[in-house]
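Sharing a structure below in structure tokens format, with a few things to ask.
Chains: A, B, C and D, in written order; residue numbering restarts at 1 for each.
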Amino acid sequence: MQGHFHFTTAGESHGEGMYVIVEGVPAGLALAPHDVALDLARRQLGYGRGGRMQIERDAGRIVAGVRLGETIGSPVAIVIPNRDHANWQIAMSVEARPDAGDEELRRVLLPRPGHADLVGLLKYGRSDARDILERASARETSARVAAGAVARRLLGELGIEVGSHVVRIGPVHTDKRGEDGTDLNRRSDASDVRCIDHETAERMRSAIAEAAAKGDTLGGVFEVVARGVPVGLGSHVSWDRRLDARIGAAMLSIQAMKGVEIGLGFEAAGLPGSRVHDEISVDPTSLRTGGFQRSRNNAGGLEGGMTTGEPLVVRVAMKPLSSLTRPLGSVDLTTGDAAEAVRERSDVCAVPAAAVVGEAMLAIVLADAVLEKYGGDSMTELKSNFEAGIERMNAVAPFRSS
Amino acid sequence: MQGHFHFTTAGESHGEGMYVIVEGVPAGLALAPHDVALDLARRQLGYGRGGRMQIERDAGRIVAGVRLGETIGSPVAIVIPNRDHANWQIAMSVEARPDAGDEELRRVLLPRPGHADLVGLLKYGRSDARDILERASARETSARVAAGAVARRLLGELGIEVGSHVVRIGPVHTDKRGEDGTDLNRRSDASDVRCIDHETAERMRSAIAEAAAKGDTLGGVFEVVARGVPVGLGSHVSWDRRLDARIGAAMLSIQAMKGVEIGLGFEAAGLPGSRVHDEISVDPTSLRTGGFQRSRNNAGGLEGGMTTGEPLVVRVAMKPLSSLTRPLGSVDLTTGDAAEAVRERSDVCAVPAAAVVGEAMLAIVLADAVLEKYGGDSMTELKSNFEAGIERMNAVAPFRSS
Amino acid sequence: MQGHFHFTTAGESHGEGMYVIVEGVPAGLALAPHDVALDLARRQLGYGRGGRMQIERDAGRIVAGVRLGETIGSPVAIVIPNRDHANWQIAMSVEARPDAGDEELRRVLLPRPGHADLVGLLKYGRSDARDILERASARETSARVAAGAVARRLLGELGIEVGSHVVRIGPVHTDKRGEDGTDLNRRSDASDVRCIDHETAERMRSAIAEAAAKGDTLGGVFEVVARGVPVGLGSHVSWDRRLDARIGAAMLSIQAMKGVEIGLGFEAAGLPGSRVHDEISVDPTSLRTGGFQRSRNNAGGLEGGMTTGEPLVVRVAMKPLSSLTRPLGSVDLTTGDAAEAVRERSDVCAVPAAAVVGEAMLAIVLADAVLEKYGGDSMTELKSNFEAGIERMNAVAPFRSS
Amino acid sequence: MQGHFHFTTAGESHGEGMYVIVEGVPAGLALAPHDVALDLARRQLGYGRGGRMQIERDAGRIVAGVRLGETIGSPVAIVIPNRDHANWQIAMSVEARPDAGDEELRRVLLPRPGHADLVGLLKYGRSDARDILERASARETSARVAAGAVARRLLGELGIEVGSHVVRIGPVHTDKRGEDGTDLNRRSDASDVRCIDHETAERMRSAIAEAAAKGDTLGGVFEVVARGVPVGLGSHVSWDRRLDARIGAAMLSIQAMKGVEIGLGFEAAGLPGSRVHDEISVDPTSLRTGGFQRSRNNAGGLEGGMTTGEPLVVRVAMKPLSSLTRPLGSVDLTTGDAAEAVRERSDVCAVPAAAVVGEAMLAIVLADAVLEKYGGDSMTELKSNFEAGIERMNAVAPFRSS
């Protein structure tokens, strides 16, 4: 057993499909295929995404752990069939194909800079980079999004909402923050770059178009915000129970992410303490913060590795996609000669989609932390413990019990 | 069992001491008390640190797992006695002290903004914030540094070196990178702000002095660099095997860290792909990269969640210390009235020390990843597998085997 | 990440199928569908099994992690479709079926003694025992057997062989031991009760027939034997690294198992030390024992939580099947009245099949322990480390190095 | 993070002491040094134990995680100093002792059959068996007993009681079961062989005396019983969440244990189903079983990997001690010649002590399972969730909600 809410994925990009098993989901959670389909569709959208998205059109199929519309305590399994697999039956055959040639097998013998290709080949002792790139592909994130959809449903029952928006694409960025206002995803999903600032969104589209014209790619920064998170998830007592550590791992585990920050993040490093720390006052109406409130939320909802009850704010930096139309210098592994790397796909910018993956990962971390603190084999039990817990925290301060 | 090289800590800031158990250390690693003492001493230094450091003067005592100068395969236990504990015998008594008053028990009834105090009280149902702050204190990092010293010794046997330097303190920063040149710690340890650029160091000291004068505190950014890391640690195959995820968790688990980035990090989000990805060429003399080389190291030594063999470069953002001489607004928990938070310690800036903790955490992650890939119950076995593995990776490319 | 060779299953007995993801399989392991099919078929055989087996006729489909006949380092996913699912589309529908009645939904409202039914209902807050029994069913072991087939292939490459035989069915038992002689499965698979003693096998069949006539069921004891296991897997250093602990968990995790013993097992508790411990002598020809040999193998191949290199011998006690034709007293959950429990299936004895599951679990534990000690991302690397390790162990004794 | 209630030990038999860190203990658990001392003393008693026990006289010292008589959420650390260490300062020196000879270093060059000596030497590449035996020694179980004492306190707050008794020593055994009646430890602790049947106890003492006279040793079987365990701990949904698996691992992880069984155990394998499974009826007064009762408890309190609420009954087989006065044949590792193994200690029978270790391990497994189901960062929270959960389970059956 590992964690409370835990997922495991399998599947190659052009294989039969993606597979995910989610363990630790309490029984009695209403879960329908469209819950999963919705998030899978959100991951597929975005300005500047190439034709492959049309093929993927993921539609997850729940194949275990749900009966008659509800989870039953069993592991939940979801399959996301690959609609394009028919075209890859030889190249991605499970069985040996001794008669097929390199081309038919779509072997990749030029490792692509920025991808896992070269390192993976060396580590796993392979000669065909397809053995690596098929699994390293960001298509694996569809399985994470499916698992995240389950977590999102669970959190939804507890009044916790996870959303995201894009704050930077290449050189274009906005200072607009997602925590100012509710219903973040309604606003960001309305934009094909998932940016809630219309003027910035327009400039982002221009930047993408410009990069496309040059055969180049762009990365960016997205922000994930969770609202309604109760105070006290995670813990200060051990390094691996701290929620910031777990969020850091979750975010940097997403393909192509190179940085993560919480609250003020790197900006906090440049400011004096008096301008950083969030002063405390009393607010008996704010139940999820334990009846206290903060002057501001520079901490991004985390203090001492625990949630404060304020919105949880995480920003993640994504590098530009590694597959450029304008190819990068590499080495032909059959000859050792310099050569230009093969281009596997043609998106220009995937930050809007990555933000949806970021939501999924944060939802999973939070579902895990909620179950860690509150236990619960059924949603009824979880909700009862959860509500009693929040009430109890609101009575902890000695001045409240008198 | 958890991980390969795994540590567990216990201990309160003013308790008897800090305790750490390190599991998974191969037998036959030469390990002496001074190996641990050296890193503990490095953690204590730094311009702008208050008087408490004098008291701490940590000297770890190895109490298990080492016999006659060598590890024997058993868990290694290290105790770091607290020299100041004598003054805290009542307040930190293990046994109940029904006769002692609030003051004698040094109860903390005003939670300090920026600390774990308030959240911890609510979560754990306590009324005295000392029950929280004693464990949330950064003094726990002494135990991590002790564990990291064991990891460093192991890595040293394999030719892997971990160092750090400070690149920002408050508003002052440098662009100088630690990967340009060897022997990073020799250069950074020579500076009391652990900055390798003399002119910047001078300005850092001024900024600290200025903040001290105002009763304020400063955070900053440190960079940890590992050199000699072989290609192929970590993995692209599952989210929780990716080395970037594990580094992210390790760094954000350190008290007061709010951001982490690898290689170009957040900067990569603003650049086009053609300026980010590191082109590949052949270099048969570069064994640890598998006989390839990169045009640059924007990836910071990680591609696809695996090490590339180039220097591993991680930067971490630390918020300013939360205990200001100039106190922050809080709430008196006995009355519910607004009040000013108590000041527990008086350092102005702890970034140089935090960088040493960052080294420890990276060393631990790398020792774990090395054992994961290479196995080995003794150092002899590990080294043999390690060397054979590197040789094998240098022969993987088809053009080399012909 | 958890363990080195780790599996996760999902799936309900009458759902779409069973799903298993195996993590940690090195790249380059030749793996074909028939490797999996073979063990799945072996699990289905056995005298005294009812008609459901005909329906199951498991044929696992590898859907991820294998390309062109070889593993590629990715998680391996195997699906075992349920051929009978067509008849259960309403009762096991993922989506809500508000119009279907209790019968159509095949609700089970009488918890069956000996099953997970009652306890599961209470724990997970369900009212229909089908929500529990579908997952608690031993059909889940097909997924384990599929994972075990992967482990068996890996072990086979290292010359480690795992077999089993049945030593007791109900009152009938044999003293014949599986470690005396090679090729255990060839001998046991030849018997429909998987007993290698012909005369005992005959009596076992009679006992099964007799129980069937009475509407009763039988349990028994099977023995799993691993040969070729090298000395030094597992460890004495921590409780959760001991191989006996891990074997104990693996075996008692199989549905209906109530006891496990290693080597002499419970018999050792009755004998004096002089008749139990296995004396040591030198045998330079015995490489897998490190060049030593034992006077006998009462330890069952495990000393101090580590393999000795002698055959690993584990016996497991299975209780009789809980679904009797002759029903057991229970309670109607809708009325609270005493009632007789519903009979879900009609096998009389499943010990021969359970023995195959026991093989799978032992193979998985051993594959995990091999990777823990020897590392290896590819089979080439694993084999090289493995062989060098055995050679090294044969040179450890000082008298050998001189 | 691993598990909920998790412990890690370090320490060598003749080193400075034993060290244990217990993670996951809720805050607010009253815990005093004598709670730990009591169980440590119980582990030391027993007829037929040699002089070393006098030296050990363990008195655990709580050094972290407890303040003013209560846990505070932090990891609890306990040190058990070794009173005999003064005599071993050279042989067990942490620092190298190049001038000391083999005798002064108390090197062990004859591996003892039945011990970890030989296998450990080969695995870890050591030449002195002391490097192995110091950690493999059963003295490590003192650390487990200390951790178990913390678990016992936690369980005690929930009305769960864990006791044990000895049912076999060598050839002498009793059929008396510990679950028949309360307050098991009061009865077993009154006996120096921890047997609750006076006549059997007398014969056990005779058997021990007889073995001692022959220079031989004896093993035996102990039974651990937990009463007050609520229905629904553990789970049927995944192999590694099943409580029987976790109990199996915990028990076989104890030094010298060769078998474990639950309820009827191996006996169940010989009986027909109609005589094994425990029929179900209604008993609204029995809260911990969810308002049901069983006709008998052949299942030993576990069905489908979950507790039934009936007493949990586990029996464990211990092999005879491996250090006989009458030595066993081995090999001198310096010469390769046949030789007689060195005798490190002289107990004849340690089953009564092992039973106390078994209690500790079961208490730890149960504390972990309780926290898994009920969560809770403080004892107040745990108790509230626990009581609400039991009440909820008593209302699950549809006939009760109407």
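Note that in this section a contact is a pair of C-beta atoms (placed from the backbone, for glycine too) under 8 Å apart; a residue touches a chain by one contact, two chains touch by 3 or more.
Please read these numbers as outputs of a predicted model, since none were measured by experiment.
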item	value
Shared chain contacts [subunit B and subunit C, defined touch]	A, D
Rotational angle, Cα trace of subunit A fitted to subunit D, multiple of 5°	180
Greatest separation from subunit C - chain, by CA centre	B
Separation of mean Cα positions, subunit D and subunit A [Å, integer]	43
Centre-to-centre distance between subunit D and subunit B (centres being mean Cα positions), rounded to whole Å	36
Separation of mean Cα positions, subunit B and subunit A [Å, integer]	26
Touching two or more other chains - residue numbers and ranges from subunit C	2, 8-9, 23, 73-75, 120, 123, 125-126, 132, 135, 232, 235, 237-238, 240, 373, 377, 380-381, 392
Contacting residues of subunit A [partner subunit B, same complex]	8-9, 109, 111, 113-123, 125-127, 132, 135-136, 144, 168, 170-171, 173, 211, 214, 216-221, 231-232, 235-240, 242, 244-255, 257-266, 268-274, 276-282, 290, 292, 294-295, 299-300, 303-308, 317-322, 324, 326, 328-336, 338, 341, 373, 392-393, 396-400
For the subunit C and subunit B complex, residues of the former touching the latter	1-4, 23, 73-75, 232, 235, 237-238, 240-241, 371-377, 380-381, 384-385, 388-389, 392
Contact footprint of subunit D on subunit B as seen in their complex	2, 8-12, 15-17, 19, 21, 23, 26-28, 32-33, 62-70, 72-77, 92-97, 105, 120, 123-126, 130-132, 134-135, 377-378, 380-381
